[in-house]
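Before anything else, here's the structure in question.
Order of writing sets the labels: A, B, C and D. Residues in every chain begin at 1.
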């Protein structure tokens, strides 16, 4: 097959497999993004714990988790913006940036991706798990490994403080997410956004990772918890401390995300002037008029297009 | 409610809450920015100390503090430039870049944001604090935790060396800040500036964090110190070593910031030629002339607009 | 020799040495890129092991390896895209992005560059090696150093799990690589791509580095393995565990890369709409028509050119 | 004084202090850049050693040193390109990119900045030094601190291997520097270049920092060595091992830089086609012709200007 023929064949295959339904595309992108987020986040915890911290520690976990978020957004961002977190999707619906009818599609993709990551991680570290616990899966204790897949509170954390923790963590997450994505604020380029988000997530883990493992993401927390319950660790991942904690990383992030978004909007986001528009309007009368003007500048606006500024 | 109706409702709510007063906007943005700076900076110290360094160490503290600054600037930068530091605001006023009458507004926002961060941190780590010190707050000693909120000098540091340290640290801070923000120098894009600033802050902590905790920011130092004094640690946070040190991280940064800014300006900042302007002036005669020229290039100048260069 | 004369002389020398054959250029660029990747990746392992972890640890290894990839792509990216990995080249051929007849040229450059890096590393750490093992080279054991050049599986890893590991790791690599390079996704600028790739590689090592040393690159694994076999460590680098493992990091990455690329394409890559093209087509009728239109915007498309959008 | 008056006063002061002599500007910028490089590089070593590694370790040193280089280039890059290293300036002269008559000016700035950093560091850590060594300065041994200012070889390194090490390290440095700066390669934006350079320097320290402290910079090595000899440590910083080593970090980098630059140019740098020029040439006949063409694209070339491409 000649080079040209192969290129045509390759393009044909791609075109046959192309999906044009926007909701299916959203679900698939969120699925892949959340898959990457969870597999790296859980993978670094697994590498650290299963080698008794010989090949991992608190630093590798926080840094790898941050970059995991960056990779998730690189994968899904161009399609959906890269929520990869049900509480962010809910908040975006409330803010009017994502249509409400898209919500179930996003959530489906996110929970599915997270579950698939839990499965692949299990295969990837199957031998290591058996070498670590001798084949007897335990949730807690010296050989406990459920914490590689899902989050548990520190011993000293009460229900109230745990719930507050998830609210504070997710509120901080959303303040930073909205700051970074706001085109009227510092406006990092699309290609830089994932890195800024990843850096923020690293910091969140370093500063507020101890109370409840900075879950801040119901999909990342619940789907692997279900997997672990099925795959041999048992229902203790739900029933621990008399079922009084497992719901916190599910409900808390939704509440915290809304609070955080409200704070950013009330302190900064709502108050930007609409001055950019005016620049474009001044050019509305067209190129025939430009001939009469003295200086023409083609400037890149914060919205990433190059507008025409005409200075008389 | 239909999708379209919801979008209109959402836009209406946003428009009702919009603040147009520029000074209020500045205060709110600096408040949110400084809040994010302080809560992450203090949070990483808290996580490290309260877990007896099981979930934090010198690396997590310096890296999280750097990213804390990055997040602060992402949040406030598009409104105020993201000073989040009273000594930087003072310096910007001296340089003529911020009007003197804005100074109190910036400072109000900065000290308020820092105080709010101290309060939220206290709630977030309330259970952890009690588990750590048994409910007995101490400034120094084995169970001392005041250092999570504010800075203290190392034992070996004299008053003179401590004051010099704050001057040197803040001078280095300002040299880097002015380098990074200078549109005639390497000119990182707005979206990259917070990351460069954060990297610098990480280095400052790694290189000069030991003498006096690289406070370099009176708001970050004083407001949480006041909170700690009120919240149960007592006035020892001011009276330690006979009241001879607490003023250093308040006065030192103001002096150091001015010195650092002067050095940058005298070594680099003042001496850039105004050549960019000339490019634009050569195009003043307008587009009718361009038709006579041979090559037209639309180049992106260091000022982030695309100018018109006409080469005859 | 005057300044002007020297400049002409310098330009003349450069022009004489210029290679215009595209395949030679590709081979040389991949050679230099892979050289930089391998020398930094192996160098950080050598520094850590040969100083008994006094000057290196799991963090320095993962971070330096990530940046090693970034530097490799900075060096080769402008010529070839910076594959620096035979399994990526194979995948790009399958995707129709690299012509099949270029494959042997890329591979030649990659394996050569990797071998040269192994040689230089040996010279660089010759004294340190002798101080470490007393001149007696060993593959495994307390003084074993073959692992500085090539990868070996962890003790607990079976052949099946090892093969799965290389597939999973390289599949994750390719999902992220295609996400980062996809001009329709988040589209980082060329200058940012190496940093995003490096961050991903750091995370891969932190999350999945323990089963088989995240080889994920046959050139990086095989060429130094051959060098070590020749240079005094002996054939145990191939024969260990009865020749049942050494082929895994050669075959696994090729399989994993194809799987990972297929997943990215099926979940995200194939489904982007072709809307950008339409913008350009609408401008086909030329500048004479533009005069009749009202608003002209020069926007930077995700393909990094500034197109002309004409809004009637 | 009113706001407007103050702004005029401020502008007047700046204009009076403005230096227009280009060589003086170069010397001052290189001086400030090298000052920042050395003070952070030495500062992180000092913080680590003087606290007996309680507030620093191999990670803080390598990361802070990398960011130190980034800050140096942010400070000086817009004026001189940010060499901050005599061996880079020499290489740029050989490549014909810096005029030979500028060489002494760059070197003067670099050595002066490095010496000033050594002095400031001494003041900054004066109390800490005395607490560490009881006021008795020692070059080597348990209380030896000369290594905070300058570099020494590891015990096992012979003269030959030490010289090779400096050549290899500086050659790697230059390969990466030229890759990053080459506008025809991946071409990071000016604002991103310092970060890429810093990342590279971090990796160099993590991979090849043990033989001879990755000096790779005669100014960074010699000037603080002279300061230390004067300031009380004595001439042992030169005479150690019978004067047979101190010259290596002075001569080696110059040799290595030239070799590294030659390798990059021969493998990649010299062979880029000049296609960009042709695009511009095709537009030479001017805008009157453009009217006859169908598609006009304003694309951003790798040289960071927006050229006019005319497709017939």
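In this section, a residue touches a chain if its C-beta (ideal position, glycine included) is under 8 Å from a C-beta of that chain, and two chains touch if they have at least 3 such contacts.
These are the chains along with the protein names UniProt gives them: A, B, C, D = Aquaporin-3.
Owing to the predicted nature of the structure, the values given are computational and were not obtained by experimental measurement.
Colleague: For the two copies chain D and chain C, is the contact made of the same residues on each side, with over half of the numbers shared, or of different residues?
Modeller: Under half shared, hence different.
Colleague: Quick check: superposing chain A onto chain C on C-alpha atoms, how many degrees is the rotation, to the nearest 5?
Modeller: 90
Colleague: Taking CA centroids for every chain, report which one is farthest away from chain D.
Modeller: A
Colleague: In angstrom, rounded to a whole number, how far apart do the mean CA points of chain C and chain D lie?
Modeller: 26
Colleague: Taking the mean of the CA coordinates per chain, how far is chain B from chain C in Å?
Modeller: Comparing mean C-alpha positions, chain C is 37 Å from chain B.
Colleague: Which residues belonging to chain A are in contact with no fewer than two other chains?
Modeller: 59, 63, 189, 192-193, 195, 298, 300, 306
Colleague: For chain D, which residues count as touching chain B in their complex?
Modeller: Residue positions touching the partner: 3, 6-7, 9-11, 14, 17-20, 25, 28-29, 31-32, 36, 39-40, 43-44, 46-47, 50-51, 54-57, 59-61, 63-64, 67-68, 70-71, 73-79, 82, 120, 123-128, 130-131, 189-195, 198, 280, 283-288, 298, 300, 304-308.
Colleague: Of all residues in chain C, which touch chain A in the complex?
Modeller: It is residues 58-59, 62-63, 94-96, 99-101, 154-158, 161, 164-165, 168, 172, 175-176, 179-180, 182, 184-189, 192-193, 195-196, 199-200, 202-204, 206-211, 263-268, 270-273, 290-291, 293-300, 302, 306, 309 of chain C that touch chain A.
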